[in-house]
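These notes open a run of structures that come right after.
Next, two complexes with chain A in common: one pairs it with chain B, the other with chain C.
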Partner chain A sequence: MRTSQYKAWGLLAPTLVILFFIGLVPFLYVIYLSLFKYNIWSVRGMVFAGVDNFRKLMFDSSFMHSLGIGLTFVVITCSIETLLGLVIAIFLTNEFVGKGVFRTILTLPLAIAPITIGSIWVLMTNPDIGPLPYILHKFGIDYNIGVNAKQAFFTVVFMDIWHWTPFVTLTLLAGLTSFPKEPFEAAKVDGANKWQTLRYITLPLLTPVILTMLFIRVMDTFRIFDEVWMLTGGGPGTATRFVSIDVVRRVLVSTDYGYGSSMSVFLLYLTIVMCWLLLNIISITRKEVHER
Partner chain B sequence: MRDKKKIKITFIYLICILLAGATLFPIYWMVIVSMRSKLELFTGPKLYQTSIFVNNYYRPLFKDIYGKFLINSLIIATGNTGLVIFLAIFATYAFSRFKIWGSESLFFWTITNRMAPPAAFILPFFLIFTKIKLIDTHIGLILLYCIFNLPFAIWLLKGMIDAIPKELDEVASIDGCSMLGTLWHIILPVAKPGLAVTAMMTWIFSWNEYLFASVLTSMNARTITTGLAEFVTVIGTNWGEMAAVSVVCLLPAVIFLGYIQRYIITGLTFGAVKE
Partner chain C sequence: MRKVGIYLLVGVFFIVVFAGITQAATPEWWKQAAALYKGITIRGVSESTPPSKAVRDYAAREFEKLTGIKVQFELTSWDEMYTKSINDMSRGTGIYDFVYVEQDIIYAYLVKHWLTDLTELAKKYPQLDDPDFDINDFTTFINYFKDARGHVFGIPFEAFLKSYVYRKDLFSNPEIRAAFKSEYGWDLRPPKDWREYTQIAKFFTEWGKKKGIELYGHVAQAKTHPCVAYEMVESIWPAWGIYNWGINLKKWRATVENGGTLNSKRAKEALRWYVDMLKYAPPGVRTYTWDETAAVVGAGKIAQGLIYLENLPWVELDKSRSVVTGKIGVALPPTYPGVMSEAARGLGYIGYYDGGAFAIPRSSRKKQAAWLFIQWATRKQWAPKFAQLAGRICRKSTFNSPEIKELNVKLSGYYDMMKKFGFLFAGAPPLPMHRPLNELYLKWISKAVAGEVDPDTALDSLAKEVDKLLIDLGY
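Showing the complex of A and B:
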């Protein structure tokens, strides 16, 4: 038994070494940096500041603003995507010729680089050449996401829905098609209508899949960067400056390394807590569904 | 009854066409723009295009620096995939065949590695890479992309190797096969299709990455996604060329789509949801 443990760790060693250097070392380093006042343009260099950066962070209205719009964005996109994805997934449980082609089309946005997604929507929304402003203008709406904050925010929401609803759809569809047949046959015998079957059998069975999907969507939406950076750059003003964009601007544009690090640490802390919470919720519901 | 069925079928196809159109139109529009010259672009949006303005592709890729960026992207994505698959085979075998102390916390650690916002890591990586002279090198990015690709590959492969019966290993070891021999002669041939899919998805994720590449490279190892992001300039963007480079960025996704589409959901959900 002993030797098999050695063997296992021997097989794992190269992976762990790499993940140690690219995962753990930078993580510890950023925590270390967050304890200093450190701006490369400052003559004083690195000055130890203890938890000053974090104290400042908690009262930083611009950071809180980006957290706020970030959470708003997560709530809006994830709920719309879930509802829309669920409806389309249930619709796709119908069998018809050409379903395979349709599924392939739905998979396409998932494989495209996020930065290309951004560029696609730049071309769609550009006031000079884009079809969206052209059509909206015919309805008397002045559409320019470079100027109008609300329009910019909802364009980013729309882009995310366009990008990720297929993921939700296909995930839930995979869940829907993996169910045992017995409960549905029993419901049919008992004379349940379609709505009752959906409400009392399909949805409870689907809950673990929905939660897993939501976990991934929430984490991904929270850290969104590429598409938004390409489309709006966080603007106009601070309308679409989500947390990732805020951190990148602080580090690269203001070169405020100490403060930027404390923002990073706070983000990582949030990520770990959210992962832990959500994974626990998922494993608990999984057990409940299995016990039934 | 037949009428009712006919109505239902028509309804289904109507919705399908609507959804497929909504999904495809922005991509279609990008392709159209990439085929137009500046003059054609500003005459108002037209929905079809009969001629192709080749210069949109030719100038950035062959006259400008984008050809080099393209090759860089190919090198980095391929190098990273090779490294990730090599490491993941051993790691997955360990996870799948041995009871490892602490494998639960390892799972959690790799998941958080995957979910962590890259923005939080750019500063430490930038400073460390500057210090050890990995800035603007291919090898730097190849190593770095392991941070999200390695956990992904391990958990995707684990499901596939778990599905190979353990009896096969036992028979091999009775026949005098060493552990590595078993891995090489028994597991790998059976897991080949799964390995291929994992490799393709790893490759696409490396190809698609933007933030790390933009911060950690300047000229020598700049990737195509980074080049694309720099198209929007103050003096005015050449939309046709930007669309053309976007199409080039998009091509691998389209090429691999047929192979990976059955596994993409399994991959993106860490093997938690199987198709």
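Showing the complex of A and C:
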């Protein structure tokens, strides 16, 4: 017994060593840095600040603004992506002509790197040469994401939905196709219509999948960076300065390593709390589904 | 005795001839100097600009063939270049053996002691000093790369002005001239002050609308990007008489209450003007960085504006990229009344003298080979060709070369202007905390540009935050 335990630890050891250096050490270093006032251009060098960076963070209107628009972005995009993805996934469970082509076109945005997505949208929304401002102008809409903060924000929302709805669709479709046939056959025998089947069988069975997908999407959208960096750079003004952009500008541009680290630690804490909540909900719903 | 005399004469003759050979930087000299380093690879990083591309594609390739030293010269975006080089130098990893140092960041690098003292290096390895290098041939721009003792830490390889350009063809069009005069009562010409500039901008934007052509009287780099901050601090505010980013360099404070000028009446007036003028620029101006600003001039959509004149050669000469070749005029930027005379007396400056140098990080492990390469890339013999390729001049002798004299005519006398009036322009002030400062300026200026806050509030908040940052950094 003991020999097999040693063997197991021996086999795990290389992975643990790597994880220690690439996971734990940087994490501990970030926590360590967050306790200091440390900007490389400071003539004072590193000065121990305790939790002062975190106290400052709570009163930083700029950071709170970034956090606010970030959370708004998460709520809007995740809700729309889930609803839209669900509708498309259910639609794809039916057989129709051109289904394969439709599915291929649908998943194309997933194959494109986020930075390229940003570049594509830069060209599409450019007020001088972009097709979007041109078309919208024909309908009397003055579309300029360099000027209008709301338009910039909702363009980013739309871009994210366009990019990631296929992922949601594929995930939910995988869930839908893996269900046992019996509950559906029983519902048919009982005379349930399509809506009742969806409401009382499909959705309850799909809930754990939806929550798992949401778990991934919430984390991803909260950390959105590349596309926005390319498209708006956080502007106009600070209209799309999401938390990731704020952290990058603080750490890499302002070289405020101490304060930037405290921002990162706080965001990690926030993500962990959100995930913990979601995980709890997932396990509760799983239990309920199994009990039924 | 006579024989001894003959031997002596012959000896002296050979010494003189030999010395002559070794003193000239012939291909043989380069081969010999680099012999010890043959086969090694040196790495450099720079911004992807025409001069850097010229260095990578021409200078580096010739150097490799001649010396056997391999040069890996990485060209990337401006911000990525800084991130990479600062990370390398601050941690002492020694990835890069030579880096591009833009004039405005040199003070930060010197304070951190990240760069190799090239004066000392040259003294230590005299066998590696190109005999034709002639450090005194560099324009005064090299002074930006010296420390207080006069030791050189970077060798300039590019220098240019940011100044005013206008469409000569439009400014000389009789119909336009008559229409302009009837509206404003003065003959159309490059503006002397901002009031005249505004009138010209308004006139051409309205002219474009009236004629149904895409023509605008103004252009700016107004994207939420560091460029918008640079435009204000380098070009707009100096020409309005607000120098050194509005910071009092003796007191290290920016607010008016603490001796600065960043939230002064004049600075606010200039920012209000800057934001207001965007209505005369193309609709996409708030998505423009320095690249798009030049591109839109090359596309023939702009009648006048301030651009980095590194772009002038392609806008004026490259028919594959520009539709206004031969139609661009160059002049000094307009200024606020009194600013030009202040600049002439050395009490201020009217715009930005931009450029950069090659430097060797202290963390480099191949300093000698890098020093050879830097000398090669900035050597006198290649400077005219380089100026032709990249439009930059940093050596006095280059101004007098036949190639540049010919090019000067094609570029509407830009090099003459640079030679004669270069002293009116200045590089960035000595602000070692340049990057975090720029970040603050970017935040508040872009808020004003986007209309999130009014310009006056933006500058009051900015000045306060600058004071706070300077205090936090120990100034």
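Everything that follows uses one rule, which is that the second predicted complex is superposed on the first by the 290 of 292 C-alpha atoms of A that agree within 3 Å, B and C clash if a C-alpha of one lies under 4 Å from a C-alpha of the other, contacts with A are read in each partner's own complex, and residues count from 1 in each chain.
Methods note: a contact is a pair of C-beta atoms (placed from the backbone, for glycine too) under 8 Å apart; a residue touches a chain by one contact, two chains touch by 3 or more.
Values in this document were obtained by computation on a predicted structure and should not be read as measured data.
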item	value
Which superposed partner A:Asn39 touches (first chain B, second chain C, both, neither)	second
Partner chain in contact with A:Ala149 - chain B first, chain C second, else both or neither	second
Which of chain B and chain C A:Gly237 touches, first, second, both or neither	second
Chain touching more of chain A, residue-wise (chain B, chain C)	B
Contacts of A:Arg223 with chain B and chain C, given as first, second, both or neither	first
Partner chain(s) touched by A:Thr116 [first = chain B, second = chain C, both, neither]	first
Chain B versus chain C as contact partner of A:Pro26, first or second or both or neither	first
Touched partner set for A:Pro204, first chain B, second chain C, both or neither	neither
Which of chain B and chain C A:Pro183 touches, first, second, both or neither	neither
Chain C-contacting residues of chain A that also contact chain B	122, 126, 128-129, 252
Residues of chain C defined as touching chain A within the complex	79, 83, 86, 90, 108, 111-112, 222-226, 282-287, 296, 432-436, 438-439, 443, 446-447, 449-453, 472-475
Residue ranges of chain B touching chain A (in the complex, touch as defined)	9, 12-13, 15-16, 19-20, 22-24, 26-27, 29-30, 33, 41-42, 44-45, 87-88, 90-91, 93-95, 97-98, 100-101, 108-113, 115-128, 143-144, 146-147, 150-151, 154, 179, 204, 207-208, 210-211, 215, 225, 228-229, 231-232, 239, 242-243, 246, 249-250, 253-254, 256-258, 260-261, 264-265, 268-270, 272-275
Touching residues on chain A, where the partner in the complex is chain B	4-5, 7-9, 11-12, 14-15, 18-19, 21-23, 25-27, 29-30, 33, 88, 91, 94, 96, 98, 102-116, 118-124, 126, 128-131, 134, 162, 166-167, 170-171, 174-175, 178, 209, 212-213, 216, 219-220, 222-223, 225-226, 229-230, 243-245, 247-248, 251-252, 257, 260-261, 263-265, 267-268, 271-272, 275-276, 279
Touching residues on chain A, where the partner in the complex is chain C	37, 39-44, 62, 122, 126-129, 133, 144-147, 149, 232-239, 249, 252-256
